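I've put the structures underneath this note.
In what comes next, chain A is part of two complexes: it sits with chain B in the first one and with chain C in the second one.
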Partner chain A sequence: MAGSWWDRDRSQDHTAPNPNVRHDAYADIDFENNAQRLPLVLCLDTSSSMAGLPISTLNDAMRMWAQELHDDVSLSASVEVAVITFGGIGVRAWRGPQMLAPGQPGTPFVPAHAFHAPQFEAAGVTLLTEALDMAMQIVAERKQELRAAGLQYYRPQICLMTDGLPTDTEGQLSDSWHRLGPVLAAEQEKRHFRLYAIGVGGISQQGLDVLRALAPAFHAHLHGFPFKQLLAMMSASANAEQKGAGDEVFEKIFHQFRTQRSAWES
Partner chain B sequence: MAAAARRGTWRTHGISVEGYRHRREGLPCQDAWHEASAGPANARVTVLAVADGAGSRPYSDQGSKLAVRLATAYYTDRVAAAPPLGDRRGNLAESARAVHRLLADTFHEVRDEFLDRTRGDGSGRPDDYATTLTVVVLAPDWLGTVGVGDGFVILRAGSEDGKPQFHLLPQPAPASEYSNETVFLTSPEAPDWIHTACVRDADVDGVFLSTDGLAQAALSSAGNPRQEPNASFATAVFRSLDNPGPDPEEDNAALANLLRSDRLTALNADDKTLLRAVRR
Partner chain C sequence: MTERRVRVGTEELRVDELAAKGGGQASVYTLTDRPGTVVKLYREPQGPDQERRLERMLGLTPLGGRPTNSSQPPELAWPTGVVRGLDGAFLGYAMQRFGEPDHIPLIGLFTRAQRLRWFPPRTDWKFLLGVCWNLAFMTARMHHEGLVIGDFSSNNIVVDGNGFVTLLDCDSIAFTDPGSGEHFPALMQTADYSAPERQAGGPATEHTDNFALAVLIYQLLTVGNHPFGGVPHGSSSDSTIKDNIAASCSYVVQPDKVVTPRGMIEPAILPPALLTLARQAFGPGVRSPAERPSAEDWLRALDLERGRTHTCPERPRHSYGFHLQACPWCTRAAQSGQDPFNPPPAPAPMPPPVPADPAAEPEDKSLITPGILIFWAILAAMVIAVIVAAANG
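For the complex of A and B:
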């Protein structure tokens, strides 16, 4: 193209739909739903150790967060939420409140304006490695779908939350997560997504070591079950992504979150 | 931040509004626009420029303002001083090369001065002023665009069945997989990303340029990766400049309301800039 005259015959003509002159308003503009998308995956531990107050706190926080997303003009149109749980009957993806059967077609991502929180129950084992595998897979698939639809997107975010150690399907401690370290490092080196790994409640030092290995820059141990703050941090991070913030801004947001200051919105 | 003017053969209007996030957080608009004209009435050159300061840089609002002012100053001067294209009319390829070269050479001058000024006495960091820059030159017998970053330019030219046709000028390949990452005037790789296009088409009777804050509103992906103008948007924003109301301030406020509206914010929460020109 450079060095020659651009010729409009080379472009696809696009016809004006309404030749009637209207001075007073722009009300007749048709907008597509082509907001830049921000895929966000919550990868949540719902194993038996979360039973009782932790899981009810998580359910309450998810409901409030869904409402906050609805109320945010920008995030509601841009953020797409997918939820993955590990516990109970294994690793499952959720499309909003609906748990998807394994192999069920269709994306688990739901536009934030249409997102309703699932109701979790705590039971079963901690298939953390398999859950992260699924998170990476659905993010890659969603990017492909967005590209095919001609939609632009921001760097996806994955948030892992657990209070335990990775196990196998029998509930025995598993070191299968070791293979994830290099995979996650390579994926993040290529900036395919941003991973946050958060330990809550009574997570052991060994559990925290796992999270540190999986997310060297963005891991944290929070006392208790401050899920509301965790989800607010995800929104703050989504805001920063929309503003085109540099890595140092995400580090600052995460540091403020980790130290349990409530100032990240500033 | 708006003005209307009648200069040469084009009626122009520019506006920048702060985006949802900046408005909520009380931060300044980091977009800027400027326009200037030069030359005699029968060979007027009009230059339009828009810039989008990087959200993550501390002085990008100053950077975008500096970029558009340098661009309009340099391009009006260099294009008005260039030999008329008429002398080369016989050789299309040669004339196109000359225009591309003029656009690119002048861009290097703009960038050099931008870096000099932001560096100051040596203590300044040009990167703190990072901004995109998109320029349109309306010369007597050609139209050119040049820039770095993700601004875009739409022309109105020709008609079919009495309806105007809109055309998105060729854009550079995206700098990144992600829509919020682009090349800035200050980026070390910027010289390799300078993008030029030029058009000789007497039927061009409208042009608008914008920063990426309006990309989702003004462009349509129509379910495929190839972007096209959103004809309903182009129709509306040209219409209001073709047929201005009695009160320019009211016209300006109506457009500002559109750019700040929830339906545009939902598509993109960034600052928004629209700089239009239509033949009078």
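For the complex of A and C:
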């Protein structure tokens, strides 16, 4: 009985009940769901050093992770994903698979159940500092939007991934990241977000020193490009946040990740 | 790849490589040769207390006398064996598997997308009311046997297609071993369901369970709205459910104190007797644990409402309490374009989906066939005419 009503509705009833309300998956705030949100920002290095296997591995891992998010009954209720890339034509925000033009209105955050992975290409310089600036900015803006809608949020997570050293727009090594250290420390002291900084591939000791300075408690060096594990760690951390876990739990999750040797931890 | 083996009792079993579910404290793994069983393995070595807790639990059969109806799953995912490494080290415990797609975390009932994906097509408000009843029943029975759930949340309960509920993570409940008299406290909690005294470090009690039960029932009956949602007016700081609980700030009782969540379902969707209990729990009950309605209070009130729901004649999956004159879901759909129970209409630019009903096919053919026949008849006539003309020419 119910089925027949719906079949009829699906084929004919394009006007019901209010044609002006669009059920766009990218509507700024997912209307039907007013669960407490968990904003998650992936801040990814797509500079030229990531060309080839690394970037294709990243693309594959992102696609699989998006599917895992869809299938995760708990996380899909509250996680919202935004992606920032630094490389190519500069620092860009992505709304799901769509790259946003600078200044384009609308939030880059997409509800987990509607998130589809972008397809990245590797090129250009490593504007790491500018990317983190943008990450902090979109998180602050998102919080404001959510508050205005009467929606609460867990502590946002920002995950920085790079295989190089911060540069300027000319590709010259840059010291501009120095000014971020105190800002990031102060913001995290106020529990405004949690920053994970992960070095991958052939990142140099100097590159790791930068990550250590940016994220004293949550920085790591992963051999190769284990993006699948990296994204799984972000999910585990999101789970812990949803549960209201204490800082020590996050350190445990991260420590496990950092010292991982076997394939047992997903 | 190295293979991981563990010992459950005297049996040696292979553990699947990837965790079915991971958390901060432990991960749940499936077993290669035992599809119906999972093992929960702690991330870190556990002390003798946790091992003794599991050993004691194995000696108990809580909510004894399993359900007589065989279609009903057990209410507790109780440990079925202690898991050890081949060296004898305590690693965790085994239990029956309650996974998707048959058992869905309760949180899956809180959003339309997940409800439509995982639950039977006719899942409606009356079904949610039934799940509430089952939750209250389970809680009341556990309290009757002196068990405290402790970590009572929308992720620790799974629901099946018949609305039967099962409590996972039983290793964190509080109980007293009847043999030794030793008490094992509840170890875990989930912030969004923690009563203020628990947030402040107090132990889990029947009263803290009653708080979580009230929140879960309210969420189910409002298709997912947390009673401590909303952002306090003038707040510029980060705002969480946990903070609102600690501040005893619920819009169910004091709607003026917060910017209510966008798309909120009015509390009056609850029948009066249930709304009274909710106001008791989220008003005076927040600060005074003893004033919270008990699981039995909820059970009695829910029982009455289950027998007197209305069914909407206009749309499927629309049912509601006896106290309402018109279908609240139709009203909401008309006002906002959002029907919390039915899928959104297909977007207009999309072509209508291919009919799934195979019976429609011959009908379509019979409609198309005359057209094709006429087409061929005309074509044949033209060809003949051309041939005739050519021949005559």
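Basically, the second predicted complex is superposed on the first by the 228 of 266 C-alpha atoms of A that agree within 3 Å, B and C clash if a C-alpha of one lies under 4 Å from a C-alpha of the other, contacts with A are read in each partner's own complex, and residues count from 1 in each chain.
Assume a contact is a pair of C-beta atoms (placed from the backbone, for glycine too) under 8 Å apart; a residue touches a chain by one contact, two chains touch by 3 or more.
Remember, predicted model here, so these are calculated numbers, not experimental data.
Enquirer: With the two complexes superposed on chain A, say which partner A:252 touches: chain B (first), chain C (second), both, or neither.
Expert: Once the two structures are laid over each other on A, A:252 reaches chain C alone.
Enquirer: Contacts for A:85 in the overlay, against chain B (first) and chain C (second): which applies, first, second, both or neither?
Expert: After superposition on chain A, A:85 lies in contact with neither partner.
Enquirer: Classify the contacts of A:157 with the two partner chains as first (chain B alone), second (chain C alone), both, or neither.
Expert: Touch status of A:157: no partner.
Enquirer: Determine, under the contact definition given at the top, whether A:73 touches first (chain B), second (chain C), both, or neither.
Expert: both
Enquirer: Answer with first, second, both or neither: which of chain B and chain C does A:236 touch in the superposed model?
Expert: Second partner only, chain C.
Enquirer: For A:36, using the defined touch cut-off, is the partner it touches chain B, chain C, both, or neither? Pick first, second, both or neither.
Expert: A:36 contacts both chain B and chain C.
Enquirer: So, does A:167 touch the first partner chain B, the second partner chain C, both, or neither?
Expert: neither
Enquirer: Need the overlap of the two footprints on chain A, from chain B and from chain C, as residue ranges.
Expert: Overlap of chain B and chain C footprints on chain A: residues 1-3, 5-7, 11-19, 21-23, 29, 31-32, 34-36, 73-74, 76-77, 143, 147-155, 191, 239, 242-245, 249.
Enquirer: Please output the residues of chain A touching chain B within their complex, sorted ascending.
Expert: That would be residues 1-8, 11-19, 21-26, 28-32, 34-36, 73-74, 76-78, 143, 147-155, 191, 239, 241-246, 249 of chain A.
Enquirer: In the complex of these two chains, what residues of chain C are touching chain A?
Expert: 1-2, 4, 17-19, 22-25, 27, 43-44, 100, 104-105, 107-108, 110-114, 118, 121-122, 153-155, 189-192, 194, 224-226, 229-231, 235-236, 238-242, 244, 258-264, 315-317, 333-334, 336-340, 342-348, 352-353, 355-357
Enquirer: Within their complex, state which residues of chain B touch chain A.
Expert: That would be residues 20-21, 54-56, 92-93, 95-97, 100, 155, 157-158, 160-170, 177-181, 196-201, 215-217, 220-237, 239-240, 242-243, 245, 254-255, 258, 262-270 of chain B.
Enquirer: Quick check on the complex: what are the chain A residues that touch chain C?
Expert: 1-3, 5-7, 9-23, 29, 31-36, 71, 73-74, 76-77, 113, 143, 147-155, 191-192, 232, 235-236, 239-240, 242-245, 249-250, 252-253, 256, 262-266
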